[in-house]
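What follows is subunit A paired twice: with subunit B in the first complex and subunit C in the second.
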Partner chain A sequence: MSKRKENLLGIAMVMPSFISLLILVIWPVMISIKESFMNGEGQFSFENYIYVFTEPMMLNNIKHTVVVTLISCIIVLFISYFIAIYLRFTSSKIANFIRKTYFIPMFVPGIIAIYGFINTYRDNGWIARLIGQENLPVLMYDIKGVVMMNMWFNIPFTTMLLVSALSAIPDSVIESAKDVGATKLKIFWKFIFPLSYKTMLVATTFLFMGIVGSFTAPFLVDSNAPQMLGVSMQQHFSVYHEFGQASSIAVIMFIMSAGIGYLYIHSMMKEEK
Partner chain B sequence: MWFFKSVSKRNLMEFLLVTLFCLFFFMPLVNLVILAFSGEWQYPNKFPTSWSLEWWKFVLENDEVSRSIMLSFSIAIIVTILSIIICIPAAYAFARLQFPLRRTFLFSFLLTNAFPKMGLYVAIGVLFYQFGLMNTFTGIVLIHMVNTLMYMTWIPSAAFKNVHASQEEAARDAGASPFKVFWHVTLPMAAPGIIVASIFTFLSSLDEAQGTLLVGIPDYQTMPVVMYSIIADYPSTAGSVFSIILTLPTIILLLAARRFLGADAMANGFQMK
Partner chain C sequence: MDIQLDVKNLTHVFKTGEGIRDINFQIKQGELLTLLGPSGCGKTTILRSVGGFIQNQQGKIIVGQEDITSLSPEKRPTAMVFQSYNLWPHMTVFDNLAFSMKLKKMSKDHINERVQWALRLIRLENTAKKYPSELSGGQQQRIALARALLLNPKVLLLDEPFSALDAKLRYELREELREIQSKENLTMLFVTHDQEEALSISDRIIVMNKGDIEQMDSPRSIYNEPNTLFVAKFIGKMNFIEIPIADHKASIGNNMYHFSHTNSSKLTAAIRPEDITIQEGKGDWLASIKKIMILGHYAEVTLETEDGILKTFVEKRKLESLHVHDQVSILLQDVRFFEGNDWIKYIKKEELPTCITV
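== the complex of A and B ==
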């Protein structure tokens, strides 16, 4: 196949998918960005951004979003890494059981997981009934509830990515390191971690984007104030009918995600060289 | 005491791990199953005091519910087929062909995750309003595809990439046409990745509520949309029954496709270069 022909064929094959993306995602994103720079009279202005960055309630919401996202990401990464390492180096019955079941939450519809969570952890829920209400800390309608919900949704996916990365590390590498007397900790830092940190970055990217932009979990499980930006944006749109303000909140969330998206793309490109 | 002495420290740790794992991930789901079959479960009883199928009868005999199930399934099937048709050519091109702007096209799909969904839906709603797509079947199918473009392009692409070019060449040397090679060699070998991506597409369509609520109101009540109103208006027993009905297709799909669901097929999709 000639080079020219390959170029044309490649672009032609990408087009159906890319044009869908253009219409369903890129165009609406442009509309949002444009709206975020318009005031009520349809003129160009920074009004919406000034509102978001000066209104104390909005500043609290931004802070809350960053805190929830960072805490959730760190906990999810830590636990997923732990489970992945455990699954990679253990072949007991229990490990097999976890291997077969850990990804089930990825396939449970989100709204149902949240519903089950609320019924289990609310102050008169199942756990309160089992251990007594006074022994159960406040979990629902609180930051702890959102973080737990994020853990439930994201640990399986992150574990899956890490399991795949760790299974690519050959046993022989680890065996030979053991033979020359390397300690477990040393093997981890010298071999396992460097070979899997790239996947950690991939996992972090999707984790971060998913949690920053989340709506359903914080809407149903979080406190009323401060809110996560996803909830706040929805309210500005459907309760206050402030399309411009809602758009500027969306753009700010997008910029947060774009930062980590840039790191992801950068690392993918670098590897090729 | 003999039991505790006979298990080593490591086994004990493993036992603790699996207990925590099951409690955290499965207790909310188990709670829903118990609730669905309970007749009376007043606080602070640890378990239901009577069992009943009353709400099953109510939910299954409700016309709105059965209509929403039919609607959700027809939408999900159409979304999956359309996504496959639109995205598979692009997936193949990304894996096998070199063409200008290949990377830009490939990474542009990250935008579906980077821009907050809610903001995207609102902007799409504005577009749909102009084009008369509000409250239409087409509108809902399109908004569901926002979530599936990235999965359906990236995951199959990684699967195509893992088919060795030499195998295709061997078939071509034996005199098979390029299309025959694709149909009889490449496609079957990439099938696990395509199946995983299709399952994800199907389930994400079944699960989608926010976008559907926004563009499908008032005529198109899919299962998750009905779930929202059931949560708000009915006791948790009814919600639990409906949750089980909503999760059932997932479990059936999972069991049917169990042998394709390796961690690698998914993970590779997120590390395309």
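== the complex of A and C ==
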């Protein structure tokens, strides 16, 4: 086959997926972006963005989304890293048990997990009935509920990422550090942390993007106001029928994710240099 | 000379039953002792015990005058060079080398000076700013050696440091290590499964098998006078033939060997290929040439005798007169006998009157 023909064949083989991407993703995205810059009469305007950034309810929603995302990310990362370190350096029976079971939540359908959570933790749920309603702090239909749900959904996968990063650190690296006189604390800060930090960054990116755009958990267990942006967007779209406003919320969520994506790629490139 | 490392009654048995039992040995100041054996023989266990990575069930480890048995690795006056993945991948060569001194809070000038010294010693002066991934395997192992040397260890431990390298590089590094060792008068405990490596660099070798010491001797003695059948099999090339023994006498070809006492009905005779010479005229034994394999400047010749197959080495220029299926007579220069695993000495060698000539 000539070089030219080969090139054409290559392009032809990529075409089906590219066209479906174009029709199903890129085109609607372009329409949404265009829609977000149009007023009710179909003319170009910043009306929707002015609404999102001045309306107190929307400002609260944005703040709420950022707070929930940050708190969830920090807690999930912290717990996952702790579990991963424990699993990497312990071989007790408990550790083996955790090693075999920690990813089970990934196999429970989300909606079922949420249903179970609500039944267990709401103010007249199982726990409230066991310890008395007045002894249980408000967990469901509150920011605490969403954070708990995010932990349930994200800890297993994040742990899995970190476990694989930590087990990629050879024993001889740690033993040679010990050999030259490093204490446990030094070994952690000078070796384990720097060698697993890149994966932490990957995990943070995944976590942030997943939580910023989440819908099911905030829709079912969060408070009615303030709402996370995913829920708010759905409301503007299918309850208020404000397509322009919904589109502008979508664009804002996209920009938040893109920002984190940019930071991630930037730091990766810097590392490679 | 002073004893630098003294290992007494060291025992460590793993759950699997493997491990080491009652190991005793000493290394003198400036000596290179090699632990040699097949995988699973316990050599690495001994090394890791000395380094402090294994807490032993029994025994004592004394370095100089100090009992270090219960010290953790970071407090021991030993340094270890690992098999591979030796360097810290996220640090430059300089940081790899300087880390231990930074821990000790030495001055910057002193650290710089020492790092330069170490890099000069291993002849890699221009690599200080590089990352390990930018270096070749051999360079990485040399840096690892330098890093261990910078600890000023009383005993340097090396865990098969060259096994991941190709043959040529391994050969070069071996020589370099020996050079550095004698220059700096280092005391070294070296672990390898490569007998050629052990024979070439060691002052003394400990051959290990299944957690026990089979023989501890100079390379020359290990090669020439193996004490057990295991050592004879493990070190170098060796021909083995089983011969029956009756009335304290056993014969190989034209020779009759007398023994003072034996319990079994057969012995194993071990003959080095270089101790067999093919010659014209009178010899000890009759054989026919089965195969000739050229191996460069010499050839391996396979001989068939009535007692079994023997292999010998023949120089290139002597090959011309030899052909497959030829009948030749052979002369044995040295034979070593083993009863079971143990070496057994013959008291008399007697030539039988039947004369063998071709």
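Everything below uses one rule, namely that the second predicted complex is superposed on the first by the 246 of 273 C-alpha atoms of A that agree within 3 Å, B and C clash if a C-alpha of one lies under 4 Å from a C-alpha of the other, contacts with A are read in each partner's own complex, and residues count from 1 in each chain.
Just so it is clear, a residue touches a chain if its C-beta (ideal position, glycine included) is under 8 Å from a C-beta of that chain, and two chains touch if they have at least 3 such contacts.
Just so you know, these numbers come straight off a predicted model, no measurement behind them.
Undergrad: When the two structures are laid over each other on subunit A, do subunit B and subunit C clash or fit?
TA: fit
Undergrad: Once the two structures are placed together by chain A, how many degrees is the angle at subunit A between subunit B and subunit C, based on Cα centres and rounded to a multiple of 10?
TA: The three centres form an angle at subunit A of 80 degrees.
Undergrad: More subunit A residues touched by subunit B or by subunit C?
TA: B
Undergrad: In the overlaid three-chain picture, which partner chain does A:40 touch, first (subunit B) or second (subunit C), both, or neither?
TA: neither
Undergrad: So in the superposed three-chain picture, is A:103 touching just subunit B, just subunit C, both, or none of them (first/second/both/neither)?
TA: First partner only, subunit B.
Undergrad: In whole Å, how close do subunit B and subunit C get at the C-alpha level once superposed?
TA: Nearest C-alpha atoms of the two chains are 18 Å apart.
Undergrad: Once the complexes are superposed, what residues of subunit A are shared between the subunit B interface and the subunit C interface?
TA: Looking at subunit A, the two contact sets are disjoint.
Undergrad: What part of subunit B is in contact with subunit A in the complex they form?
TA: Within the complex, subunit B touches subunit A at residues 14-15, 17-18, 21, 24-29, 31-32, 34-35, 43-46, 85-87, 89-94, 97-103, 105, 107-120, 122-124, 126-127, 142-143, 145-146, 149, 152-153, 203, 206-207, 209-210, 224, 227-228, 231, 236, 239-240, 243, 246-247, 250-251, 253-254, 261, 263-264, 266-268, 270-273.
Undergrad: Given the complex with subunit A, which residues does subunit C contribute to the contact?
TA: 51, 53, 72-75, 78-80, 82-86, 88-90, 99-100, 103-104, 144, 147-148, 151
Undergrad: Considering only the defined contacts, which subunit A positions touch subunit C in the complex?
TA: Interface residues on subunit A, with respect to subunit C: 170, 172-173, 175-183, 186, 190-191, 194-195.
Undergrad: Could you please specify the touching residues of subunit A with respect to subunit B in the complex?
TA: Listed in rising order, the residues of subunit A that touch subunit B are 6-11, 13-18, 20-21, 24-29, 31-32, 35, 83, 86, 90, 92, 94-95, 97-98, 101-105, 107-113, 115-117, 119-121, 124-130, 132-133, 151-152, 156, 160-161, 163-165, 167, 198-199, 202, 206, 209-210, 212-213, 215-216, 229-230, 233-234, 237, 243, 246-247, 249-251, 253-254, 257-258, 261, 264-265, 268-269, 271-272.
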